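There are two complexes below, and they share subunit A, which is joined by subunit B in the first and by subunit C in the second.
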Partner chain A sequence: MKKKGLGFYLKIYCKILAQDLKSKMSYRADFIISTIGMIFTNIAGFVSFWILFHNFSSINGWGYYEILFLYGFSLVSLTPVQCFFDNNWSLRAYVYSGDFIKYCFRPINLFFYYQSEIFDIKGLGQLAFGLGTIIYSWIKLGLGFSPLMLLKIIVFLITASLIMIALQNAAAATCFWINNSFYVLDLVTRFKDYAKYPVTIFSPVFRFIFTFIMPIAFIAYYPSLVILRPDAVPLLSWLSPLFGCLFFWLSYKFWMYGAMKYNGTGS
Partner chain B sequence: MSNIINIKNVTKEFKVLNRREGLKGSIKDLFSRDYKIVRAVDNISMDIEQGEVIGYLGPNGAGKSTTIKMMTGVLEPTSGEILVGGNIPYKNRTKNAQDIGVVFGQRSQLWWALPLIESFNILKDIYQIGDNEYHNMLEMYQSLVDIESLLHKPVRQMSLGQRTLSDILAAFLHDPKIVFLDEPTIGLDVSMKAKIRDLIYALNKEKNTTVILTTHDMGDVDALCRRIVIIDKGKMLYDNDIEHLRGFFGSYRTLKIRVDGKLSKCADIVRKELANLSVSSDDEWISILVDEEKTTVMDVLNQLRNTFNIRDMQLEEISTEDVIKKIYEEGVK
Partner chain C sequence: MKIKKYLTLTRAGIIESLNFRLAILIMIAGNLLYLIVVYFLWKSIFASSETGVVNGMTFTDTLIYLVLATALFNFMEMYTVWDMGRNIQSGKIVLDLLKPMEYRSYLFWSYSGSFVTNFFFTVLPTFMVVIIVTHGAIPFGINLLFFAVSVILGVMINYSIDFIVGTICLYTESIWGINIMKQVIVLLLSGATVPIVFFPEPLKTIVYYLPFQSIYNAPLTLLLSRNPSYETVLIIIGTQLIWCIIITAFGKIFWKKSLRQITVNGG
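This part shows the complex of A and B:
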């Protein structure tokens, strides 16, 4: 048996992904309707955002385009969790019914195998929309461009994604212990909606919660500061890539610990 | 031949909450928890040789699934030793997974949306099956079942029978040493059952794969298994050849009669008359289990003819089903 490294997993993932997309596209009406739905969801989200913020020239020192940038940043950083980890939403049902056991018999990493089953294509529209928003506000803000800035934004987008994934993993994994973990997962998802606002507009209590307890401020706010306010970047921003990796690793361990403890129901 | 599975004095205990009755009880449960230990598997030992087909039987809740979960590495035994292909399943779950195949009758492990051939392709990568072995296997499948019609069909569009067939083929694909089949024929029609049995039989012969089969269908057992293991309430009741088992009850035959008059009434009279024999009745027949070492069927028949006008009769050898039923109910004497 050969060693199963990153290449091995990547190859399998691509294969599953390609097949999955192929089979999704074979249901044409379904594919078209969900694409249209995806576009409208994004437009609706944007319109409500626009109505809210267009009437104010600035909020707590944050200009319209800066907030727009945050919005785009949060959209892009929420894409991976939507695309690659959507099966977390079904985990509860699988565990509750005992069907989760079917994932336990393959000679590959359980977490990978479970998550690889679903690729949610809806996230791609969000990605396109988010990228457009970032580029648009970037130009309007006159931020200029350098390879270093590009590198920075990529690193911090990945960081932000890792944190969101970590939050969702941990929330989903609670179902290994409690029956109705839907509320935990739902709570995390609702909180992530606050990620697109600068954390300074909240009261100190929520600022603390969003930074240290449910670290959604890391999804857009702290990483964006590196691009938007390069003169006054707090230490937390620079540390966020480290936090991202750490949170992700911890959530993975937590998820796997739960899965190993799992013993299935009946037969 | 060498042993592929060694199970030695294995016990598995679960901690179960002792639930109190009613709403009041539930509230009490919230604050003071009263656990009891349930022994799902109790001191079981067996050795299984490469290439054997074993019927693993027992009534619902006997501990069959728990044993299988321990052999596949999903559960850790509370005490005792399990070796599967030289591995301790719980400690080397991934390594063990490479050596085994698992099929749960009702739970497909294939990718729901993908055509079967694409699932096979992904499994080929996951199990790192060589190109040659893979193609030989597919060729062999083609010679055994009509696989062409299945290969390009998404699993979700398949009937239950086709899905089970596909799952079994997928479980054997990487040429595992052992395949666990958990109620593979549950919910299938007669002809599909026969097909599945033939397939399992052929794959076992062809590849010398060890098959561990749990089922409630004695047709599966008769068609496939030479050795059966019976457990109940976690304890092992029987582990031997199926022929040997029939020998236990070999002297038993079932006499079925049809008589004039109301059946249930007559059955009661028969019961009174033949107090030392087991008598049952359904809509058409009165069945009498006769131990030929004690009385002969002829004697019983003669005795009954004095009281009844017997219209029709049948004589049946004891079936595996009856044997197993007797063991579930009375144990091995």
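This part shows the complex of A and C:
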């Protein structure tokens, strides 16, 4: 079979996306309420930092606006996983009921086809809020602006989101082996709430764990350093694009390994 | 016997939740992780304050407060809104309405089994860990009794709020959005994210007039106060009782009115 190019997949994605949006439009109230709910969550995170910094001047040497920058960064980098990979949440149900087998018969990449089926629009509310937070704290911090900085932040936002996507893929794929994998996915999703804190608050042992074993420090902390503390960027920050790709590739392989092993329910 | 039919539901619930042993293990792991994050976060926050006592709370107090708030959250979280929403959408609710028991109590008592297992698998272990980590900073005495009474009232208030939110699903056909909004509001305004004493002034007074602080803040305040006067105890538990009655009554009326709204497609 000839290998299909990127253009082919892009075209297919647009077609599937259009179908999905059409079906979403028939539940307009749900869309509006979900978007409001999403923004609610983000505002709550904002408010809790606001309350914290009302009582304390800094967290481990990080000021209010720097923490807000981290928060905004984590929100934006978590958007792709919300928008493009939301179908991971249904994987368990598909595998359990046997419906997953229908994806295995398509002549395109299984992983691609499965993930492209759902586009979660409510993630866009989070994107807007996150971008607003980044810009707000950027101005307040007086970071200045140059095209190079813009390029840097875009590259590092993408790599940061690859990490979260990788974590979620791996967590979702556990359903090929265990029955009640909802809790695994739920646990991993909770990780992202911890991504908004600077990893230096932890003791060395946990700093190691959150960097290499559960790589949540790459979701906001290491990439943000490139913008926030340009004088003292650790090596890990520069390596984070590499780690992003590596983790994503590993999770893809793991997901596909599980999917290939799947033999349906027999019905 | 009237109580017997309820206890049968409790028993079924216990057996059902014991079936998901892996889920329990993962839940404990998740709680431990959360405990670690909260510990280090607040440790570094308090490190930046000179006195070590902020708003009358020390680091240990804050830690106990937040960790037990999360334990209580896991204890009370019954996914009521999800279950009601799904049952309404799938039409299964019709079967539950036919049961020789009020739907409200049927649902509550079928969750009561997981209250028992959750108590032994999350609340008790967390309590133990907290006692060990803080070297017995929790005062032992009559306050444990007040705490227990207060928690029971908290459970009832939480359930009633959930039930009202679940009833709203009858109208909106949106579960995720409604549920996330409720969760965010409850977690923030009940003091589970940041203890209420840290809130800046106008907000703090407003929050004390809302029902949400009765869920987590009230029992935890009772637990942490060393020598509460009977007046304070009476005020706190009295407030809970009043809210409990108001919200339960409202929920019952709202449910009765809304029941006419149910449209179940197909038979």
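By definition in this document, the second predicted complex is superposed on the first by the 261 of 267 C-alpha atoms of A that agree within 3 Å, B and C clash if a C-alpha of one lies under 4 Å from a C-alpha of the other, contacts with A are read in each partner's own complex, and residues count from 1 in each chain.
The definition used in the following text is that a residue touches a chain if its C-beta (ideal position, glycine included) is under 8 Å from a C-beta of that chain, and two chains touch if they have at least 3 such contacts.
In this text, all values refer to a predicted model and were calculated from it rather than measured experimentally.
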Based on the superposition on subunit A, does the combination of subunit B and subunit C result in a clash or a fit?
fit
Quick one: is A:203 in contact with subunit B, with subunit C, with both, or with neither? Answer first, second, both or neither.
second
Is A:190 in contact with subunit B, with subunit C, with both, or with neither (first, second, both, neither)?
second
Please determine whether it is subunit B or subunit C that touches the greater number of subunit A residues.
C
Examine A:34 and indicate which partner it touches, taking first as subunit B and second as subunit C; both and neither are also allowed.
second
May I ask you to decide whether A:146 touches subunit B, subunit C, both, or neither, giving the answer as first, second, both or neither?
neither
Could you say whether A:19 touches subunit B, subunit C, both of them, or neither, answering first, second, both or neither?
first
First (subunit B), second (subunit C), both or neither: which does A:108 touch?
first
With subunit A at the apex, figure out the C-alpha centre angle toward subunit B and subunit C and round it to a multiple of 10 degrees.
90
Lowest C-alpha to C-alpha distance for subunit C against subunit B (Å):
10
What part of subunit A is shared between its subunit B contacts and its subunit C contacts?
none
Using the touch definition up top, name the residues of subunit A that touch subunit C in the complex.
27, 29-30, 32-38, 40-41, 44, 47-48, 51-52, 54-60, 122, 178-180, 182-184, 186-187, 190, 194, 197, 201-203, 206
Would you mind writing out the residues of subunit C in touch with subunit A in their complex?
20, 22-23, 26-27, 29-30, 33-34, 36-37, 40-41, 43-45, 47-49, 54-55, 172-174, 176-181, 184-185, 187-188, 193-194, 198-200, 203
Once bound in the complex, which stretches of subunit B touch subunit A?
60, 64-65, 69, 72-75, 93-95, 97-98, 100-102, 104, 107-109, 111, 113-115, 118, 121-122, 125-128, 154, 182-183, 214
Help me check something: in the complex, which residues belonging to subunit A touch subunit B?
1-2, 8, 11-12, 15-16, 19-20, 23-24, 99, 101-102, 104-109, 117, 262-264, 266-267
